[in-house]
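Structures for review follow.
Two complexes follow with chain A in common, the first pairing it with chain B and the second with chain C.
Right, the complex of A and B next:
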């Protein structure tokens, strides 16, 4: 990876409104997660030693991430790539010895860092909200970390997908449209059995990573498919490298 | 500086560049001319290894341009292909910083390039507020920053007003004087004819002419104008030589000295008074039009 190219990608983010988009992504997820605070009986359960209040918050987080992230990841990818389309950046980079695939990978490295930071911030802030409202029960560390790690992987795969899509389709409405469609796929996946959700990567994998679910009987722990998410990460990574290498073969 | 041999590019069944033998001498301004769609941009992209030739060879600075040599060669080539490259949301200075970082250039190299295109007073404005001429100059500064031995510019005067065109012309002349070889394309002859020391004229993907301005003029045959008090009758008498009336004269295209003598003799024999015979002053644009089949300008 060309360190200079990655540093340039960070420099290009200036005045590209990346920070507001990321803030909306983080605040949106935290706000949506906190809807569970309005659930009747939530504040009565904050002292429950079994940690049910934490599980409720985790359930809120695992519902908020797939609803908010797909569109904003599409927006982030689109903004990063559109400047190359508009500014003749692909061709210029090529004449400077930086192939389109290389440029794409540099964009992934730079903006991917922002995506990881935003996802960690979402998770961390929801924990902070739990602490602020006085939840004292046992914190489900394993479930929380497992979900956060899975959300990072799915978000990164989805971001890589949108980078590739925005590079191929110069009309950025295509990427944004697919982002909206992604939310719809995610909502649909929520009602699907796990085996079927596997068939809708990467959006379906948000659902596979869900660690808890609110049912009539109360909050229920699930068995998230971490293996499936790892497989998605590996397959997504390999595909991203292969496709961006194909970009290198494309003629200007 | 650049030589190509049998350079061709075919997209499916459409040949856009055919059997091109380019010779760009070192230290010149090479004017690469041709109508829109004649293959200029494709040729330039092949020279920069952005497009793979279907056949033929390219040598730049004495080395073959291949995938393996491309990176090293591009370090000595500055280019501006299609529209000027710049990120509109960033300032001119920030754009130059990107180039500096990407190519690992020194501060002095960037400053020199910016001064060369006289953009130093506008560097802190966002590029979106630049005029097209300023964007072109920034694009050229980005190409110049690496202090290239060869500069390849694809239609750098596109969309510029006369003052902007003149500024680019002066800049190219200055660069050539400083030892940079400049290859510049245009579909508008008037934009670069006074700047270019060597011309290459492309038509339908083929090289129609390559050489100096003087050599180009030598290849053309200016029209003959015969002044006579009876232009109507004279035109009718010389109709077989495609004569047309031109005011008080008769215009005859493409006649060499021998045929001109025969035409004059014929008119005299038919008792037409011939007051004068002269060659029409032909502009370079006329020659260009002839070569490109009238599609040139």
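Right, the complex of A and C next:
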């Protein structure tokens, strides 16, 4: 993968309205996270140093990310690949020395950077909201950073999956349909025991990364499966490289 | 009628059936699976099952599904030289736009029918619920279909303007999220004036969630119906005006 190919993908993004889609994703996640502000008793706990307002906000973030991200990551991947389908870009790139597999990896490197930036921005903005409403309790740094890192990994794996899917299926309805299916899988995974959620990659891993949960007794800390998320990242990376190499062997 | 038939013909080889069948079934399966996994019984029988399936479905999957169908309906016009053929058509612009909205409304009605059948089958087979689905949910289903028409008209307009298949779906997700926030913030009037908010609100009719009182009254049904038709007419008229000012490319 060469730098010029990645730079070229950034240039393509300028006309693909990637920025508005990413803004929708960030705003959507922050807005859904802020729904917890309407929880009865939230503002009473804001000024309490021993309160759980930060944990409540983190719970909102960990619910918002899996609700919003699957569909918009599918949209992002579809936008990147659909132009190549419509303009026969696969063949043009190949004649210019950039095979379909290389092109896919360049797309992942370029748009993946945007996905990482968007995920970090979501997390940072929710922290900013917490600061703005004046939460005085201790900030759960470890839990927050752990969840953000896990969300980055799961988002990247999901984006790579959609990139491959949109490349193989010319009809972009397939990719978007799978994106919507992902939301339902995530919602179902929320009630599953952890061992069962492991069997629904990559969407089930959003749930495995969840650091806190609201129960009748209040917010309780969970033991997120960071190891499982790392395994997902490694397996997803290896599979992405293998599958995109297979793309190089087929006729454009 | 000819325009509507032509639009159905164009959809014949698309995957629209997958959205119409799979999306509501996924909502039913998710509602049922969550009930089974959580181990919480359906205390209110049909009411609880309906609520667990339909409320979440109406928050944003339904709007996204309608958006995907609208993208499918317009996709053919953006391919090859079809846009120029559309610009040189013999039928009037209102016929084209209304034909597409009518097809979308028919597909939305089919989606709702699949959802109702799915709820009945799961209620009987999986949870062995007594009796049948109360008729008021059939009335609510009609309201949901009517509330989907403004969203269908709006998404049809967006898909007409955007060549991308996915971009209008992203707009639908943004619109649905806005609707949810309006619901959560309890801005009742504003919620039902935004097409996406109207769909979310209509799916809650009779469930008692968010702003809903839990009953299905004739007045509420009439208000939803009038609002839906009014919004649909305004949005469709807007689409007609925009398409009239478009040219070949």
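Everything below uses one rule, namely that the second predicted complex is superposed on the first by the 251 of 252 C-alpha atoms of A that agree within 3 Å, B and C clash if a C-alpha of one lies under 4 Å from a C-alpha of the other, contacts with A are read in each partner's own complex, and residues count from 1 in each chain.
Note that in this section contacts are C-beta pairs under 8 Å (C-beta built on N, C-alpha and C of every residue); 3 or more make two chains touch, one makes a residue touch a chain.
Please read all numbers here as calculations on a predicted model, not as lab measurements.
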Discussion item. Contact-wise, after the overlay, does A:97 reach chain B, chain C, both or neither (first, second, both, neither)?
Written reply: first
The chain contacting more residues of chain A, comparing chain B with chain C, is C
Touched partner set for A:88, first chain B, second chain C, both or neither: first
Exercise for review: Answer with first, second, both or neither: which of chain B and chain C does A:220 touch in the superposed model?
Suggested key: neither
Based on the superposed arrangement, let me know which partner A:4 touches: chain B (first), chain C (second), both, or neither? first
Once chain A of both complexes is superposed, is A:72 in touch with chain B (first), chain C (second), both, or neither?
second
Who does A:235 touch here: chain B (first), chain C (second), both, or neither? neither
Looking at A:191 after the superposition, I want to know if it touches chain B, chain C, both of them or none. Which is it: first, second, both, neither?
second
Practice problem: With the two complexes superposed on chain A, say which partner A:12 touches: chain B (first), chain C (second), both, or neither. | Solution: first
Contacts of A:180 with chain B and chain C, given as first, second, both or neither
second
Within their complex, chain A touches chain B through residues 4-5, 7-8, 11-12, 14-16, 83, 86-89, 91-98, 251-252
Within the complex, chain A is touched by chain B residues 45, 48, 50-52, 70-71, 74-75, 77, 79, 81-90, 94, 97-99, 101-104, 126, 142
Given the complex, residues on chain C that touch chain A span 14-15, 18-19, 22-23, 26-27, 29-30, 33-34, 37-38, 56, 60-61, 64-65, 68, 71-72, 164-167, 169-171, 173-174, 177, 180-181, 184-185
Listed in rising order, the residues of chain A that touch chain C in the complex are 17, 20-21, 24, 27-28, 31-32, 35, 38, 67-68, 71-72, 74-75, 78-79, 82, 171-177, 180-181, 183-184, 187-188, 190-192
